[in-house]
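Dropping a structure here in structure tokens format, bear with me for questions.
Per-chain numbering from 1; labels A, B, C and D assigned in written order.
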Amino acid sequence: MVSTRTGRSTPVMEQRGTHQPTPPPAWKPRTDPAPLLPDPEPYRVLGTSRAAEADSTLLLKLYGELVRGRRYNAQATALTKQGRLAVYPSTTGQEAAEVAAAMVLQEQDWLFPSYRDTLAAVARGLDPVQALGLLRGDWHTGYDPYEHRIAPLSTPLATQLPHAVGLAHAARLKGDDVVALAMVGDGGTSEGDFHEALNFAAVWQAPVVFLVQNNGFAISVPLAKQTAAPSLAHKAVGYGMPGRLVDGNDAAAMHEVLSEAVRNARAGRGPTLVEAVTYRMDAHTNADDATRYRSDAEVETWRAHDPVALMERELTGRGLLDEQRIEAVRQDAEEFAARLRQGMNADPVLDPMDLFTHVYAEQTSQLREQAAQLRAELDAEAEAEAASGAEQER
Amino acid sequence: MSTATSTAAGRTGTKPATMAQALQRALRDSLAEDPAVHVMGEDVGTLGGVFRITDGLAKEFGEDRVTDTPLAEAGILGTAVGMAMYGLRPVVEMQFDAFAYPAFEQLISHVAKMRNRTKGAMPLPLTIRVPYGGGIGGVEHHCDSSEAYYIATPGLHVVTPATVEDAYGLLRASIASDDPVIFLEPKRLYWSKGSWNPEAPTAVEPIGKAVVRRTGRSATLITYGPSVPVCMEAAEAAQAEGWDLEVVDLRSLVPFDDETVCASVRRTGRAVVVHESGGFGGPGGEIAARVTERCFHHLEAPVLRVAGFDIPYPPPMLERHHLPGVDRILDAVARLQWESEGGLEGGSV
Amino acid sequence: MVSTRTGRSTPVMEQRGTHQPTPPPAWKPRTDPAPLLPDPEPYRVLGTSRAAEADSTLLLKLYGELVRGRRYNAQATALTKQGRLAVYPSTTGQEAAEVAAAMVLQEQDWLFPSYRDTLAAVARGLDPVQALGLLRGDWHTGYDPYEHRIAPLSTPLATQLPHAVGLAHAARLKGDDVVALAMVGDGGTSEGDFHEALNFAAVWQAPVVFLVQNNGFAISVPLAKQTAAPSLAHKAVGYGMPGRLVDGNDAAAMHEVLSEAVRNARAGRGPTLVEAVTYRMDAHTNADDATRYRSDAEVETWRAHDPVALMERELTGRGLLDEQRIEAVRQDAEEFAARLRQGMNADPVLDPMDLFTHVYAEQTSQLREQAAQLRAELDAEAEAEAASGAEQER
Amino acid sequence: MSTATSTAAGRTGTKPATMAQALQRALRDSLAEDPAVHVMGEDVGTLGGVFRITDGLAKEFGEDRVTDTPLAEAGILGTAVGMAMYGLRPVVEMQFDAFAYPAFEQLISHVAKMRNRTKGAMPLPLTIRVPYGGGIGGVEHHCDSSEAYYIATPGLHVVTPATVEDAYGLLRASIASDDPVIFLEPKRLYWSKGSWNPEAPTAVEPIGKAVVRRTGRSATLITYGPSVPVCMEAAEAAQAEGWDLEVVDLRSLVPFDDETVCASVRRTGRAVVVHESGGFGGPGGEIAARVTERCFHHLEAPVLRVAGFDIPYPPPMLERHHLPGVDRILDAVARLQWESEGGLEGGSV
């Protein structure tokens, strides 16, 4: 017999015939993938028989948030035209996913928004002026993340997902009841960080919910150039977590699916990947020209499936949208917009010396030197201005 | 704008154009001349890139040559490596400076090393275009000057244009190079105008030659990319104070043109390195050190540096305090120990 | 009616009741995931009723390669003890997957091995001394990748996968008939590069086959700490490519499944992810101490499922392993090992000046200066040696 | 080995130990003292790390505190960021220098910037241990000296020990720091021995103080990490040639201790920077430039640099030609223009 250099002691002469019952060691897939697979159709409530079960109070609350969110998008876009915002990535058309993401969380939970998700942050209670700080340009993160437990808006796509996993994992290790909900776009799912975050979350069974807003585009790149997957929710299977496909314009469906995912996370049943199928009605940002890559006809198809209108229809059908209610909701949104306008019209207080204050816990001697240089320049500038002012007065 | 070479301005057939146009033309000419050239990246196809540098190219050359990729920078660079292995010449666009970081492992461990690891058998002729630097009111992660990372990585060429002519010429030469080139495009010069000859634009060969943008006798400003126009302006302003400044535009950080730089510094005896990148560990340290090593006995003063502060790039409303401007350059020039010399043309302190 | 600022013209009054047939725009999953899902049990041929259909010639060929591969692993390991190799990551126990990966490729195809896969490279025809160049330490890649179309062994895990995709894509664009087969470990599937490579491959429908050798460990880390997925093959679904689960110790099954995947790639039907379930019988490398993280009992279970023995049983059962055949196979393996020993015992010719030759197509002036410095040092060294030799002669 | 400080050698209670042991002890003491400390990385748990620095810690503190992660460096650092956000103090191990590159986006865009982006609200107290450098016969991608990347990234501290005592003291201080620290561990010193007092080891506070390892009058060798023992050896050898060299061990590249370095150079009037990292764009340029800016009139010669060549790290059989050794250091010292001075103690050329 040929020595196979394995040191194997099984006598080879005993092995005959083709049907040996060799025990194949531990290689059976450990989980049945069936419960992880998303349904083939996005989950819907509004406009379906499921709507009957939806709680009116919740629907009215969602409606208020949707209308306010729509107003917020319109106002922020207007602010870019007035030069009060450098740039604004609008979520018009995506309000259902945005506000539901905020509403399903409890106070101690954490939200991890991407750069587009200022509305979710605002719906969680963040002052919209602070939420827009980054885009206004007076500082990077316009708010204290600990105040409302909202991580900094993440510009580098998908990079915030592992943060959410780490935070949720840390809270769980400490025995705290905290769930993290992390938001990312369809384009962001192609990044390595998406993959690594979901894998860590599943291995650690961290209490995280990943919400992908599939709005059809990554700037100009349509989903078909982004992935060949059956759906983005199907990616969950490869991590061993359940994937859910939802109509992202259906606020009731979004609220229900996200609530369940949060509940599971909270109960120690691990992470969920939720894909909200939606559509970005505006251009990527006000600086973008969407006509370069999509047709008006396509946009119009989606207009017929508007999240605010969907909810309106449901509430109207139930006879809940009387004049007074409508006026109250409108009023609230207008007041909200007025406060935002006012806040954004006030010039922010800037201190250039802040540039050196927060780089390290304690300023290094190099930074002290550089801060002194800037201080001297600013003083000289001020002196020169004062002098020219005095000159003019004379 | 004083960014055009003085020679170009007088030529017949020259026209004004923006740097963005020159870059687009360079890509187009490269695609047209060499079927191995492929352009790829996020939004470079249908949209024409967020800065419109690839505008119209997908239409002209087809989506197989000018390709919108999935949103994954390591994947973009990694697949480009594979394409280059098969003999193509990929030209990769990183949408913004900071979004090149996810591709750093591919860059450092493969792109920079492949020729060397294979004893020359497997060169990687690929160009990585990186819009870099600030001054455009961009939010965080959109304004990094990341050249320090690239120059510390042997195996890469690091090239950056400051004029419209060079934008064309250096990009053509980079794409034609058989080595990987990091092609740093100064974002805020995209819309700068210069005269060039669109009838007969030419590549700048070889990569690695600095150019004296302005001759002067008092001191040398050594600079590149977005800081070149600032230095030219500073040199004009300096005249009023009696300094006649020479301005050297490096054009490529790797290879580094010691010859041109040192010849200038030996002539003037004084030098200031100017760049937007942070000072600590930035290119300025290397440049100052090597100039000092080579020209020590010609130096009347230490080589000084004017750079961005050693801080994360500031938010839009504060960036003007960070960027090296004319005043800071003149301040540095003033600190070049003129008094210890005497006899200098009006040398102020 | 509340203005929702969408510019929507649908008159709201028409919308009544909860059951509206709003057309949900383009969001049905584009593919049925069923054909992408791997079977719940790893595919096997040997020891099953399928074995009867296997071609004897192929099995004998596989057997020869397996025995040679086993001998190669033993010899390379011995060379580390003799100080002729710095380190060797053995594939003892994984020979079936290694040799099948090489055998299913045609001459014009490309192999992208990971650092462990020198055996696959050797089975493709690469001189083993060259394959071991990296681990011997005289240069990085010990061979010209174009000679046998074998990419450099990749030490940074999973980083070679996008290269395979790019190369296959480039070949396809050129109209060439080329398939790339890329190898990675179970641990490597956690890297972002794995995710990005598979996604690009599926979007581009590139002719690539991804072979994951799940050998149970990433150094000391067992699969359970690496992933919670049903199986690694299930990851395919999230990219929209088929996943196949195979008994990695069954050379006939490996050959069949990989052949099919290569055939599909070649025919323009896109990429496949194949998971070979196998086991690393030796420690991670000769420098590793596997007793720190796994029990001998576990190793023994797998010894009973040895790839060489599985094939031996089949061939013995068919009566194909006579004395002469066995001797020929053994002889071939021994000669191969002897050539390897001989090649590795010869000291490699080293030229320190090579350090500067291949960094760029053309040496920069900096490198010329540095090369001159080293040249001068080497000359001085040689002179000093010569002088001391002359001294001694006197 | 001459790596122990001369003061430590004479103390009572000192014992010989390896740097690996001191590092392991630092991790253990940190884990024991502060429940917020978590150790994570590839193979750091059951195996105790490929260099055994975390040996026994998972057993002692449990897998929740000392965790084997999936194999994904961006994921490791990214989740560590999240853990730090929640108040933990993660200590991350990158298995080898080059395998930290996949985590560079997390490092540059988040780790280094988080405190600043949030105006101090969200500090990230995390330590990233990176075994670095060559000299151990490692194959490609296992021997990089990657410090140039880290020092060019404001927001990071960059610390590296050269002695057993410092290995303990600096790692304790790094873990205790409220800022992210890149803790570079010189691989080939892991098994170096030094005397220390294991009864009462102490943290080195504050981070950012260089130390004079050897006093001398002729010239200063400025160095750190793996090159410190080489410089000590060179200083011994230099004595025979009549040079009395001072050796400054930086211990931290960021913050940089200008005071100690410049005080030394002002005393000696000459300096050579020595490191294993490539020269071009490496830390040496920064160091030479800033010393020259600050000490120009005290310098008798340009500050010279002895560094690794500007090439990808060589294969094992050739690495000795790349690593800065005693001879190359002495050659540089010889080039410090002694002849123009006269009167120096036996100054050879």
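Keep in mind that, in the parts below, a contact is a pair of C-beta atoms (placed from the backbone, for glycine too) under 8 Å apart; a residue touches a chain by one contact, two chains touch by 3 or more.
Protein identities per chain, from UniProt: A, C = Pyruvate dehydrogenase E1 component alpha subunit; B, D = 3-methyl-2-oxobutanoate dehydrogenase (2-methylpropanoyl-transferring).
Keep in mind that this is a model prediction, so the values were computed, not measured.
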Next item on the list: Tell me, please, which chain's centre (mean of its C-alpha atoms) is farthest from the centre of subunit D?
Entry: A
Checklist line | More contacts between chains, B-C or C-D | finding: B-C
Check: When the C-alpha atoms of subunit A and subunit B are each averaged to a single point, how far apart are the two points in Å?
Finding: 36
Next item on the list: Can you check how far apart subunit B and subunit C are, centre to centre, with Cα atoms defining each centre and the answer in Å?
Entry: 39
Note to self: Using Cα averages as centroids, what's the distance between subunit B and subunit D in whole Å?
What the structure shows: 32
Item checked: Overlap residues in subunit B, where contacts from two or more other chains coincide -> 69-70, 72, 74-75, 98, 101-102, 105, 109, 113, 116-117, 140-141, 154-155, 254, 256, 280, 310-312
Notebook entry, point to check: Of all residues in subunit A, which are in touch with two or more distinct other chains?
Noted result: 139-140, 156, 190-193, 195-196, 199, 203, 225-227, 354, 359, 366
Next item on the list: Enumerate the contact residues on subunit A facing subunit D in the complex.
Entry: 139-141, 144-146, 151-152, 156, 159, 161-171, 173-174, 180, 192-193, 195-197, 199-200, 203, 354, 357-362, 364-366
Margin query: Using the touch definition from the top, list the residues of subunit D that touch subunit C in their complex.
Written below: 42-43, 45-48, 50, 68-75, 98-99, 101-102, 137-142, 280, 309-312, 314-318, 321-322, 327-328
Check: Can you name the residues of subunit B that touch subunit D in the complex?
Finding: 74, 98, 101-102, 104-105, 108-109, 112-113, 116-117, 140-141, 148-149, 151-155, 254, 256, 277-278, 280-290, 292-293, 296, 301-305, 310-312
Notebook entry, point to check: Which of the residues in subunit D come into contact with subunit A in the complex?
Noted result: 38, 64, 69-70, 72, 74-75, 77-88, 90, 102, 105-106, 109-110, 113-123, 154-155, 157, 177-179, 206, 208, 254-256, 258-259
Next item on the list: Provide the residue numbers of subunit C that touch subunit D in the complex, in ascending order.
Entry: 86-87, 134-140, 155-157, 187-188, 190-193, 218-221, 225-227, 292-293, 348, 350, 352, 354-356, 359, 366-367, 370, 374, 377-378
